[in-house]
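There are two complexes below, and they share subunit A, which is joined by subunit B in the first and by subunit C in the second.
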Partner chain A sequence: MRKSFRAGAVAMLAAAAMLTAGCSGGAGTGSAAESAASDPNQKVELTYWAWAPNLDKVVDLWNQKNPNIHVTVNKQDGGDPAVTKLLTAVKAGSGAPDLIQAEYQKIPTLVAADALADLSKTSANDTKSHFPDGVWNSVTLGGEALYSVPQDTGPMVFYYRADVFDKLGLSVPKTWDEYAETAKAVHATDPEAYLGTFSSNDAGWFTGMAQQAGASWWGIDGDAWSVKVDEDPTQKVAGYWGGLVQDGVIDNKPMYTPEWNTALNTGKQVGWLSAAWGPGVLAGNAGATAGQWKAAPMPQWDAANPATGNWGGSSTAVTSQSKNVDAAAKFATWLNTDAEAVKALVTETGIYPADSAGAESALTTAPEFFSNQPDFYKVVGEAAQNVGSFTYGPNVNVTFNAYNDQFAKAAQSKQKSAFLDAVKSMQQVTVDDLKKTGFTVK
Partner chain B sequence: MTTTAIRPKPTPTTAARATELRERPSFLSTGILILGALYCLFPVLWVLAAASKSGTELFSTFTLAPSTHLWDNIVELTAYRDGLFWRWMLNTALYAGVGAVVSTWMSALSGYVLAKFDFPGKAGIFKVLLMGVLVPGVILAIPQYLMLAQAGLTNTYWSVLLPQIISPYGIYLARIYAAASVPGDVIEAARTEGAREMYIFNRIAMPMMLPGLVTIFLFQFVAIWNNFMLPYIMLGDDHLFPITVGLNGLLNQGASAPALYTLVLAGALLSIVPLVIMFLLLQRYWRVDLAAGAVKA
Partner chain C sequence: MAMTVTRTGPAAKTAAPGSPRRAKNFKSRVLVPYAMLAPGIILFLLFMAAPIVYTLFLSFQKKKVSGLGLGKNSQSQVFAGLDNYISALTDPEFTASVLRVLLYGVILIPLMLGFALLFALLLDSRRTRAGNFSRTAIFLPYAVPAVISSLLWGFLYLPGVSPFHFVARQLGVELPSLLDPNLVTFAICNIALWGGVGFNMIVMYTSLKAVPTEIYEAAKLDGCSEVQTALRIKIPIIAPALVMTALFSMIATLQVFAEPTTLRPLANSLSTSWSPLMLVYRDAFTRNDVFSAAATSIVIAAATFIISFLFLRVVQKRAFGQEN
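Here is the complex of A and B:
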């Protein structure tokens, strides 16, 4: 209900963005170029659209120290609505903020719409050494320009109910084969209990799993895009989950529903394949189970070469309508690389920082929800080192919508073949949309 | 004899039976009405029960079983970002209150003019107006965003207030009320006495239309109070949000943060209280008006 409503609202805004594309004509953007070298004593007001909880408290630290560059946080409803709103404002020619919290998969879309300022000539360009190469790649898109400063990432790990595992005498699965065995064992003890669920609502989650298997869905070669969804790694992942759902040993209901929350509370969902930010969600949705969960590395396809995917994570971008690109870049640099700021991000917003050194020094004690696992951040930190690179294309939203549509049907049908068909269909929809929008597709 | 004596009898008997029929409650229709009432009240009951639960109880106890945490939830909601929720309530009150009053006045004025004055193009204007009644407001939200973006008014109070001031349906209703309740002779008499047109409208016509205007006011008030899409598109700063957009934001925190279910439920409960009070206070006007409309219009 919540999801479909939100999807409707987002679709509505998307329609707005498309409509405005037709009528904005000469309104023109490109004020990035106008940003003059600002007088350091001149007062600057910046607005910042972001949805991370309590981010305003971190920004307050900046405002206390920098009376000349004042930043106001406007809290948004999450990644999709914020980006669609920004695209609408860019097409309308006014109304965009100076800074925006942009998820990595949205950056190509925003760049294609001319919504972001290039930061490669600003102080933000010196932050490269703070971030893992894969993350840096996703904010430069592999080119000379810099579109955003990385803020947080979501290396995927496997959360499980340690108490239930102990009771059933199960060991933590290290490979996907073992995961399947464990899933069968859990389901055999209680027909309502599952080791996990296949969520047809969370395209980002599935993308992370495909990334772990070695997928990278888009590629760019000169001016031509390639789409590589329907290829071996993704087929392998879809077939694996289709098989588990077909056997009935894994649940087929989406995550983030009241039903799923109930199952987390009552112990009917015994595990969760999620990301580094998982503790916050678990604490909010299943607070009573604190101290009963543990984090482990993701089950592996090839135990000799450990890999994991990334689910979520975002960056701080400066919009093309900002009149103060330098000041905004200075703030974005401070927010995501200053030791004090990164520490505040961790404690106030509960994110997993992209800044490698910052993460190490800020994440010393395990989150309260995982107080039973003192080495929590050691597990997560090792996972973060194993995230492969993944290239997103300019029409991620179309691909993700196709995921939601096709896999909802596949999960409902509980047929392995339907899962493979869904991947095929995602590929087709993505390629068709790229061509229709006017991109060259190889 | 006997037959003549008996003859008049059937008439009163049928009449009596008719009265009896009219007054005796029909089980069928009462049953349907009770079912309808339950259908409408069940979600309210659900919100009431759910708003009284703590976060862990919400997903683990029986749906309709009430709990004792209502006050805790309200306190927590009030603490959320220094009482932002109450700011949303005030914003909604401002949007709905000011918007509905101005909109009602505009509707009354336009309806009165359309009903009582003759001018070229009147029929055309009225037809356009009727077409406007058929266009859902949601569809207009995007063009309105573009217009206000050009005027640089997006993300301000004006961006939500201005588009809701003109209500084709309100004007349409006002025209009917004005035609039915303001006699032309009265206006003529006032003119003869030397009253100016705006004076006649404000001091003579408006009071005569009052019951109808209450209906328009309630319609507009509820429509603005519940409006989601327009403020959702127009506003970026959450200090300007009305309650609907604000609560939606609490639910959609992104995948990496938990949805604040308990706060949203407490907020949803609090947000309907003013509407309930409003309806209890104004419902007698509403009833008088519907009856009046049934006879006169």
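Here is the complex of A and C:
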């Protein structure tokens, strides 16, 4: 026992020594990164936390071509768990990877926790021209710094059952007024059928629609944050949907439930306002209806100025603990802007790339589920160009959670006024949370 | 607390008879027991005491932001005093979640224990047929994890996919959805009931089996019917088991989490703060505010202690009185 105690003491000392060594190594980050950049023969090992399926196959391409910068993908469960893990590692002072797949709405939270490296001094800063302005804005937060390189986006489009529309003699709605008329017509022919549903579970979906109407829920004003949830664009969207639910022409049940899947399969849900990644979900949840759907641009508030929102999408960020920021930035740039890499991303992981030129050249044939619509990616590509800019704040999770709870109540009550109250509540909860933590709020 | 008990226990015992103070004796009477206790104590300290102390520490902290809160050193952790406790106790969402769970417990516990007792007595009665099969069948749902059973029941509740609703519709009846706000508590009770009756039944049945059969024979000779034996003899004898199952059920009720969390995405009627533990989870992992979550957990733990203690005080005399 004594012996083991002594051994333990030695181990402790060794651990302490390594810890101090690790700290002093951290202090010399800058010089280490410089030497890695200046000496191309220096071998660099990078770790990459990501959850996109088959991403390791894309990374293999890079590893074959770049023997000196080797990237290892460490598979994650998803966006939320990966962020929680990263925040813990940042707090602990070690254990973070070099690169991480970060959803756009998580970037302010990560920046606030000092989890991300600023890439504006690296090669990644030259990729601006590859991406739509709105997307670029989400990775810079509208400032000088660059926190991430965009990977994929989810420009919103309107999916509808072309066969049902033909049978009922309906035309595709181009404006939200027409959408409401179409919803009425669909529901009138079959009381169990709806053109869509208002889902209190999907805050990202509602955010995309508010974005289409011109909302940007947060803003930076000097040294203060502003919160602009309870303003005209979002009120307009909430009131519109509240009206449709109140009239009973749109369903009020959440998406992604067994019930919703069944309704998609049996033609009781005739349309879905969703994003570019929709075909994958439809193929998985409503496989029986392949070849019967079509994609169309989102219904518009102002047909003369077409706009759409973004639902989902992620980027490649370099963490603040990375000792090889330049090498990591080089990889992130290649992964998301190199023509071959983007093509591989499309074929292997099935994402819709943020890189405009890459998307155009890589996405030529429609997904199998939409084989009846050869111009599928033309519709989606045009939508991608119309995504407005949207600033996320440091407490998106709080706002999204308030959306879930408040709109669940509103959807259940089927009252238009409750939808407007829910928007008010979201604003209140968001502002209260910011103030409670000590943020300056304007 | 429990740690000090385990520590002083063996020490006190060994000190008294250890009067011949020889070195060897000291080693065998003091060192050895401690060495044997060490794994337990260390594990307890690491995985029980340390997290509790850390939770206490966190509950008195809060996050402080300067400026935009972006970038290095703009956020720090500072002492919060009782702020987190005050906001936890004055939070209307917390009060509402406690009231919901109380209602849930008032419905669930009598039903669950009632069914468990009924099944235990039936299985224990002399005329039981297929006892082993029935016992396994009633116990089996307990082996299904709550998340899985909630998913299964969720399927059965959703009017669009439920076979019950389908059959009713064929018969021309429109059943109300159990996921509607005014019925959803019953929906959750039903899942807990389905999963919980078996466990409680086994506890009661086991304690019935421990009763010496002479008592029943005597009762039979005196002309007691089966029902009378059950009411007058069996139930009073297994009262300690009833108290224990009631206590466990109360604690489980306060901690209800898996069922409502799993059902929540299926409907609009459950909020993310439906039960107190859901509120804690939301604060810690959705809102990234572990400090409030820590304070709320401490409040819940303290309340659980107090309720358990009071409950035991009230029923102990009656339940265990005969033993003294």
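Simple rule for what comes next: the second predicted complex is superposed on the first by the 403 of 442 C-alpha atoms of A that agree within 3 Å, B and C clash if a C-alpha of one lies under 4 Å from a C-alpha of the other, contacts with A are read in each partner's own complex, and residues count from 1 in each chain.
The rule is short, and it goes like this: contacts are C-beta pairs under 8 Å (C-beta built on N, C-alpha and C of every residue); 3 or more make two chains touch, one makes a residue touch a chain.
Keep in mind that this is a model prediction, so the values were computed, not measured.
Trainee: Contact-wise, after the overlay, does A:G93 reach subunit B, subunit C, both or neither (first, second, both, neither)?
Mentor: Touch status of A:G93: first partner only.
Trainee: On the A-aligned overlay, A:L61 touches which partner chain: subunit B = first, subunit C = second, or both, or neither?
Mentor: In the superposition, A:L61 touches no partner, neither subunit B nor subunit C.
Trainee: What is the contact status of A:A112 with respect to subunit B (first) and subunit C (second): first, second, both, or neither?
Mentor: The second partner, subunit C, only.
Trainee: Name the contact category of A:V441: first (subunit B only), second (subunit C only), both, or neither.
Mentor: So A:V441 meets neither subunit B nor subunit C here.
Trainee: By residue count, which of the two partners contacts subunit A more extensively, subunit B or subunit C?
Mentor: Looking at subunit B versus subunit C, the one contacting more residues of subunit A is B.
Trainee: Output check: A:A408 vs subunit B and subunit C. Expected answer is one of first, second, both, neither. What do you get?
Mentor: A:A408 sits against subunit C, while subunit B stays out of touch.
Trainee: Once the shared chain is lined up, is A:P258 touching subunit B (first), subunit C (second), both, or neither of them?
Mentor: It touches subunit B and subunit C both.
Trainee: Which holds for A:A275: it touches subunit B only (first), subunit C only (second), both, or neither?
Mentor: In the superposed model, A:A275 contacts subunit B only, not subunit C.
Trainee: From the superposed pair, tell me which subunit A residues show up as contacts to subunit B and also as contacts to subunit C.
Mentor: 256, 258, 262
Trainee: Residue numbers of subunit A touching subunit C in their complex, please.
Mentor: Listed in rising order, the residues of subunit A that touch subunit C are 1, 84, 87, 108-109, 111-114, 141, 200-201, 220, 223-225, 252-254, 256-260, 262-263, 268, 394-395, 397-398, 401, 404-405, 408-409, 411-412, 433, 437-440.
Trainee: If we count contacts the way the header does, which residues on subunit C are in touch with subunit A in the complex?
Mentor: 35, 62-75, 154-155, 158-161, 181, 265-273, 282, 285-288
Trainee: Going by the contact rule set out above, which residues of subunit A touch subunit B in the complex?
Mentor: Spelled out, the residues of subunit A in touch with subunit B are 2, 6, 9, 12-13, 15-16, 19-20, 23, 27, 47, 49, 51-53, 56, 72, 74-79, 81, 85, 88-89, 92-95, 97, 154, 202, 204, 256, 258, 261-262, 264-266, 275, 277, 280-281, 283-288, 311-312, 350-351.
Trainee: Spell out the residues on subunit B that touch subunit A in their complex, using ranges where they run on.
Mentor: 55-56, 58-60, 81, 138, 142, 145-146, 149-150, 152, 154-155, 228-229, 232-233, 236-238, 248-249, 251-261
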